Structure formats: structure tokens, C-alpha cells
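Shared between the two complexes below is chain A, which pairs with chain B and chain C, respectively.
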Partner chain A sequence: MDYSISHILRYKYKNLFTVISLTILTFLLSSLFLISNSIKYELNIVLDQLPDIIIQNQKGGIKTLVDESLVYDILDINGVKDVKSRVWGYYDFKKADVKFLLVGVEEFELDKYDVNNTSILVGIGVRDILKKYYYNDYFNFINSDGNIKKLYIKSNFDTVTKLESNDIIVLNKDTLKNIFGFEDSEATDIAVYVANKSEIPTIAYKLQDKYQNMKIITKEDIKTGYAEIFDYKSGIFLSLFIISLFTFFVIIYDRMSGVSSEQKHEIGVLKAIGWRVQDVLKAKFYEATIISLSSYLIGIILSYIYIYIFQAPLLKNIFLGSSSLLRNVDFSFVLNIDILFIIFFLSVPIYIAATIIPSWKLSTLDADEVMR
Partner chain B sequence: MIKFNNVTKRYGDLIALDSIDLEFKKGELIVLKGVSGSGKSTILSLIASLLKPTQGEIIVDDKKISKLADHFSSSFRRDNIGFIFQKYNLIKNLSVKDNILLPLVPLNLDTLELENRLEIVLEMFNISHKRDIIVKNLSGGEQQRVAIARANINSPHIILADEPTANLDDKLSKDFISILKDMKSLSKTIVVATHDPLFFDLDFVDKIINIKNGKLVI
Partner chain C sequence: MKNKKSFFIISIFFILFTSLGTVLVYLDITYSVEKSDIIKKQLFVSLTKMPDLALYSEDSFMRNRSLNGFGDIHSLSPSLLESSKASYAISLKKDL
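And then the complex of A and B:
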């Protein structure tokens, strides 16, 4: 081990370059895997909470409001466990150039969210943006008729994930209808809950058959939609991933083919003074392990710091879009052993092999021949 | 005891040694003389099992070393041979201490044992004051002392020296002769390959063997 450490230090500039290259590669791969994984984790939690089926009204192919009275008809369909009309919409806060998601709750649910007819509950992202514009205690909504509706800000949302609650404002359903100018009987859409999850496609088919003009969306449809968006973004990064791997293999190739005459001579000397092949390989193994493992660990730690402490500047914008609200999302810490293993096997053993193989080739030759 | 029985060594078409028979007794100091390319260094490499003969057998202490597998050749060298190379073959960017201790690295000896052995050879070859100096910063004579110390660190009973004075001035060459005498007094078998006349009139040399074109000259 002492010999291996001294060997690393003797070629410190070359080894430092290798460590930096490997660290950057590990950092890049790890950051991409982790950020994509964190977003999928957040999204899965959010999507799992969605209703089994959502019914939207449309006219001329454009989404419009739905009549709340449909709820009672749908409840009569066999297999439907529960039906709720949902009132929600996006409020355009022009000063900050962001959209808040307003979600209306029934009168009897207000206590659950700690709000009343004159207050709203806001997500962390909303709170931070409102504070920037000095709305610390209340916010003035502009109704569809142009009047101002003043509502008091209560507290922050405490939901399962930060992504879900970040841009949300929860308020009384009637107040929301008033802000958006909905009729009393109108809702944004209808949420359907099915008793037996395997029956969702059948119920969706029945609903589509019954309401030909409406758009029936299952939870699976939404999941697929999100997956496509992130797969597209992941595809862009797959290219980066391939470039990184290519760079890595160039380094490896250089290492395998470029054993310097000085190093070659050193292996010859070691053999001449009594080192066996396994002694040389052991020293080279320690050397390669120290370099690759330290690069791997530094790269992984840096990527965790980059994502979970600094919240992945740059990459976050690319994955989550340019909305300032989404940029406020905090990534939740997820320790994914699979990712750590994949990156480990793509870097450490390959580098060790690339160091050991040329040394093994040289050390199996006669010492006299190697020293020449 | 070192014995060559009808040993031939070829490098491709070139015959370096041609059917040689030799015998060196334990504790003897033997000088192999001859011009460059005569085959002296090849004899040393064969004794050290750095090379394998093309034909014939080499016996060291009743063991046939001519057919040893690589693994056993290395172990044989480590346990029996101290080789002083013509160009010293030190690792230039390691310290004196680290160079001398290199043969012992695979043995995983404890620090105290390493220090004891190191102190003995540093003192014996008068190089203690340079212990932590990087070898490339030493003079030729000092580098040779480090090479000699390294060759003795594992207490071998056979010392091989290839053109030991080729890179030394008169004074340093005489210093080496003095060291050689000291090593002989420790009952080591010493084989020196040289064309330096300085070795040919030494009273403590047991045998001088003349080699020409890979053959012994009688």
C-alpha cells in the first residue's frame, strides 16, 4: 500500500488529471441519474394520488367547464366507488409572470385545510413569490369582472411532496368560482374513483360510451404522458451520457496503450529484485483502486451536494422547465442504491482493469526483457 | 554452489553463450572478464534467473533454476540473489530509503524489522547521511552505494555485479573494491562481470574466467 501511495504521489500531475477526469465523469452521470430519479420519485407520489379517471368537457375539441350534476349520473354506474366535481384553474399573476394553481375545496372541507371563506392556504413557492411583492398577510385577486377580491394568507401547505404543493393555492370552492367567473353549477372536471383498480379501463370505456363528447382520462394515461416528457428530456441527456462514456473510454484506451518507458522499466526493476507477478499486480491494484474509488466517491458526494444542497442549478431548469414556480421545487433526498451501483460498475472496475492489464502483460515477461 | 551444465543461450539467431560449463563454490569471488557482448552479463542474468537458458541446466544450491516458472524465479531472486546492475536500475524519483527497501515490500515485514535491516545496510555502505534524499539528486558513486545496499537488504548469499565500475572514476572504483572485499568477508558468493583491469590483480579474487564470443577461454 505504501509503495502504491508513493507511486501515485510520484506521478502526481498525471494522476491528478486522471482523478479530476474521473470525478467529473462520475459527477455528471450521478447528477443526471439522481435528478431524473428524484423527479420521477416526486411525480410518482403525485400521480398516485390522482383520481382513477378524470372527465373533462370539451367543445370543438377545446376543453370547457363541466356540469356538476353529472356526478349523480356517474355514481349510478356499477363499479364506481366515488365521484367528485373538482373546481380548479390557473391564476395568472402577471407581475411575477407566473401562474398559480387555484384549487377549490367544499365548504365542509375548509377546516381540514385550516382556511375559511376569507383566507387561502398557499404552497411554499407561492408564499416566496408573494413575499417578493410584499404580499405577506393577504393577496388581492382580480376577479373575472375586474373587481378585487382580498383574501388572507393562512399558512403553508403540508403535503406529501414539495412538488405537488409548491404552486398551489387552496381556497373555498365558491370563492374560486367567483374569481374565475364560473357559474354555480360548473366545475373544471369530474374525478371518478373506482373500487376495483383492474376495472378502471372498463369503467373508462363505459363513461366514454355514455358521454361521447367528453374526454375520459385514466390515471395510466397521465402517467404515460409524464413519462414521455421525461423520457424525451432523458433522451437529450442520454447523448451527454454517451459522450461522457466515450471520453472515459478514451482515457482508458490511453491508459492501456500508453504505459511509459519509465513505468515499464520500473516493473522490470521490481521483477529483477524479486517481486512476483502478483506482487506487481497487487501494488497496481491498490494504486488503481485508490484513484478510481476516490474519484468515484468525490464525484458522488459532489453530485449529492449539487442536487440536494444547491438544488441542481442549470440542470433543474432543463428538466423542470423555465417556470419560476417549478424552479422553486426542492428535490427530496432519495438514496438510490441501483444508481450508485451502475455508476460504480461503469467506472471503478473498468479503470482498475485498464491499469492492471498492461502491468500484467509487462510483468509476465522476463525482467531482463522488460528492463532493456 | 553455482553450476552451469552445457548451457547455451540464444537471442534469435545470435548465440550469446555456447555450451558453457561452469562451477562456482560457496564464498568464492569470481571475476568474469571479456569485452562487451562476450556473454558476461548473460551469465549473470542466467544465475539470477532473469533469463532462461535455451539449452542445458543451471543449478544453484542443488536446485535446478533453469526451468523455474516465473513465480518461483522471482521468489528465488528475492531469497538468494543481490544484483548490482551496471546502470544501477534505481527508481530515480524514490528516496534512498525507499529504493533500498523495495525488495522487502512484498514480504510485509513490520516497521521495526524494516528499520533494523535498513540501518545495517546504510551503515555498512556508508550512505546513512543520504537516507531521505531522492536518488536522482545523488552522485554516480552514491547511487552505486544505494544499489549495493539494495542488493544486500534481503541478506542474499549470492551477489552479482554487472560492470560495477563502468560509470565510476578511479577513487570510487577503489571504494567499490573495498566494499567487495567486505562483502566477501561475509562469506557471500560474488560474481563480477567486468572488463576493468582493476579487478584482475586483486589478491582476494578466487577465480578469473575469460569469456569470448560466448565461450570460455582456457
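And then the complex of A and C:
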């Protein structure tokens, strides 16, 4: 061990460069995994609350509003527990160049928040944007017929729901219909709840058969879609990153293979004074482990601090949109030991192998042959 | 001291492992989602019945899954096709 440490210190600048490079690579890789993991965790904890099936109307493949009377027809289907019409849509706040997601809910659901048909509940992101434009107590919506509808801001949602509610305004359903110019019988889509979750595919097929022009989406579709998209987004970044990682290890291997005459001489001297092949390899192993393990630990620590304390500036834009409303979401900490192991096995053993293999080649030769 | 350098390296690693442990404990205490927070999130999603995560509005289907266009299944993922049989096969194989 002492020899390995002395060897590291003898070539300190070269080894320092290697440590810094490996730390940066570990940092990027772990940051990517940690962000993706946090988002998936957030999605997973609320997925059960979503409707089991969503039905959306289409005309000529283009999405359109649905008739609320469909609710009663769907309730007649065996296995359906509850059906609710959803009224929601995007409101374009042109001044700030953002779109608010307006969600209308029934009056009785808003009672506990003390919200009536002249008030709204807003997400944190919405509140910040409105305050920026001096809408502290109320906001003026412009109706579809051009009239102004003044609604008072009752309160904002808790910061813990930021990832879910950041761009949302919740208000009375009828008020929302008035703003968007919906008819009384119109809704954006219909949410279906099924009593027995294993019957969801059957009921989805029944609905599709009954309403050929409707788009039927199940909760499983939403779950799979999100998973695929996150894997796709992180996969693009990861595939580019793996190329960098691979290139790094090829450089290390190449560097170790083309060792300088000084290092060859050193191994030759060690062999001459009685070191066996195992001893040389052990020394190299310690050296590689010290460098790679310290890089791994520093990279992991830095990535945890970067993601959860500084909230991953720059890197989170891979997953988030460019809308200013969506920039201000925070990642929740989730400890996933699997990720630590994955990153460990992607960095440390590969570096150790890239270092030991060329040294093994040299150490198997005779001392005089190495020193020649 | 005979093994001064070894002791030095072991101390360095001890400090690094302790730092990692400290950072993880601190983050768990400060930034993890508590049970009461989970309930609040679930109540919110129950109220709005909306697909969650205000993350990526440029791909509109990410914010509201029902908004994905027909072309998205070819450009992004065939699992975006609604009631895709692949959804159930994939869900059986892996958890999110």
C-alpha cells in the first residue's frame, strides 16, 4: 500500500487529472440517474389517485369537447364504479408568455377550501407569475366573448405539491365553462373509475367498442407512457454519455499500455528485487482503487449536493420544458441504493481493469527484458 | 510511523465515507417526502383528477396524456398508442 501511495504522489499531476476527469464523469452519470429517479418516485406516489380510464372525444382525429350526458350511459356499464366529467383547459397569459392549466371542479369539492364561483386556488408558480404582474389579490380572465371575468385569489396550494400543482389554477366548473365559452352540457373529457382494477382493460375495450370515435386512455397507458418517455429522454443523454465514458476508459487503457520507459524501468527494478507478479498487480490494484474509489465518492457526494440542495441548474432542463412556469420545481430526495451500485460498477471496476491489464502484461516478463 | 501513508489514505477514505453518510442523512431529513406530504399530493391529484407532474409542457402529452398526437407514437414511442397491449406487457415486467 505504501508503495502505491508513493507512486501516486510521484506522478501527482497526472493522477490528479485522472481523478478530476473520473469525478466529473461519475458526477454527470449519477446526476442523471438521481433526477430520473426522483421524478419517477413523484409520479409513482400519486398514480393511484388518477382516474382509471379517460375518455376523450375526437372528430376527424382532432380532439374536441365531449357531451356530459355520456356520463349516464357509461355508468350503465357493468364494473364502472363512478364517472365524472372533467372540465379543464389552457389559458394563455400572453403578457408573461405562459399557459396556465385551468381545472374546474364541482362546487362541493371546493367547499373545504372555502372557494366559491368568484375565487380561485393557484399553484406556487402561478402565484409568482401573477405577483410579478401585480395581480396580488385577483386576476382578470378574458372570456371567449372578450369580456373580463375578475376572480379573487383565495390562496395557493402547499409547496409540497409544487411538482403537481405549479402551473394549475383550480376554480368552479361553471365559472371555467364561462371563461372558455363551453356550453353547459360540454366537458373536456370524462374520467371513469372502475371498482375492480383487473377489469380496467375489459371496460376500456367495451368503451372503445361502444364509442368508436372516442380516444380511450387507461391509467396503465399513462404510467407506461411516462416511463417510456423518461427512459427515452434519459436514454438519449445516457447514450451520448456512455460514449464519453467508453472513450475515457480507452484512453486510460491506451495510456497504461504505452507506459513510459521510466515506468517500465520501475517494474523491472521491482521484479529484480524479488517482487512477484502478484505483488506488482497488488500494488497496481491499490493504486487504481484509491484513484477510482475516491473519484466515485467525491462524484456521488457532489451530485447529491448539486441535485437536491442546488436543484440541478442546467441539467434539469433535459427533463423540464423551457416554460418559465415549469422551471421552479424541486426534486424530492429518494435514497435508491441500486443507483449507487450501478454507478459504482460502471466506473470503479472498469478503471481498475483498464489499469491492471497493461501492468499484468509487463509484470509477466523477465526483469532484464522489461528494463531493456 | 511505519504505515503513515496507509493511515493517511485510510483516514481520507473514512472522511469521504462519513461525508457521504452525512450528506445522505441530511438530505433524508431535509428534502425527503414525508407521509403527510404524500397525503397532500394525493389529495391534490384526487381533487383535480389530472395527470400529474408539471414538468414538460412542450410535449403536451407529458402534462396531459390525453393530448398526445397521432404522430407522437411514431416519433417518440409506440406505447403512446392508447390501450396499447404493450402497456400491460411492460407493466408486468417492471415497476416505475
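A few comments on the model shown:
The rule we apply is simple: the second predicted complex is superposed on the first by the 284 of 372 C-alpha atoms of A that agree within 3 Å, B and C clash if a C-alpha of one lies under 4 Å from a C-alpha of the other, contacts with A are read in each partner's own complex, and residues count from 1 in each chain.
Convention: a residue touches a chain if its C-beta (ideal position, glycine included) is under 8 Å from a C-beta of that chain, and two chains touch if they have at least 3 such contacts.
Just so it is clear, the model here is predicted, and its values are computed rather than measured.
Touch criterion met: A:R276 reaches chain B, while chain C stays clear of it.
Looking at the shared chain after the overlay, A:E107 reaches neither chain B nor chain C. Once chain A of one complex is fitted onto chain A of the other, the partner contacts of A:E183 are absent, as it touches neither chain B nor chain C.
When both complexes are overlaid on chain A, the residue A:D92 reaches neither chain B nor chain C.
Of the two partner chains placed by superposition, only chain B is touched by A:T364; chain C is not.
By the touch criterion defined above, A:D73 reaches neither chain B nor chain C. Looking at the shared chain after the overlay, A:S6 reaches both chain B and chain C. In the overlay built on the shared chain, the residue A:S332 is in contact with chain C alone; chain B does not reach it.
Of the two partners chain B and chain C, it is C that touches the larger number of chain A residues.
In the superposition on chain A, the residues of chain A touched by chain B in one structure and by chain C in the other are 2, 6. Note for the complex: chain C touches chain A at residues 3, 5-6, 8-9, 12-13, 16-17, 19-20, 23-24, 27-28, 30-33, 37-38, 40-42, 44-59, 61-68, 70, 76-77, 79-80, 82-84, 86-88, 90-91, 94-96. Within the complex formed with chain C, the residues of chain A that make contact are 1-2, 5-6, 39-51, 54, 56, 61, 63, 84, 86, 88, 99, 101, 103, 105, 109, 123, 125, 157-158, 160-168, 170, 189, 191, 201, 204-205, 208, 215-218, 220-229, 232, 290, 293-294, 297-298, 300-301, 304-305, 308-309, 319-323, 325-326, 329, 331-335. Residues of chain A touching chain B in their complex: 2-3, 6, 10, 265-266, 268-279, 282-283, 364, 366-368, 371. If you check the complex, the residues on chain B that touch chain A are 45, 48, 50-52, 70-71, 74-75, 77-79, 81, 83, 85, 89-91, 93-94, 98, 102-103, 105-106, 150, 154.
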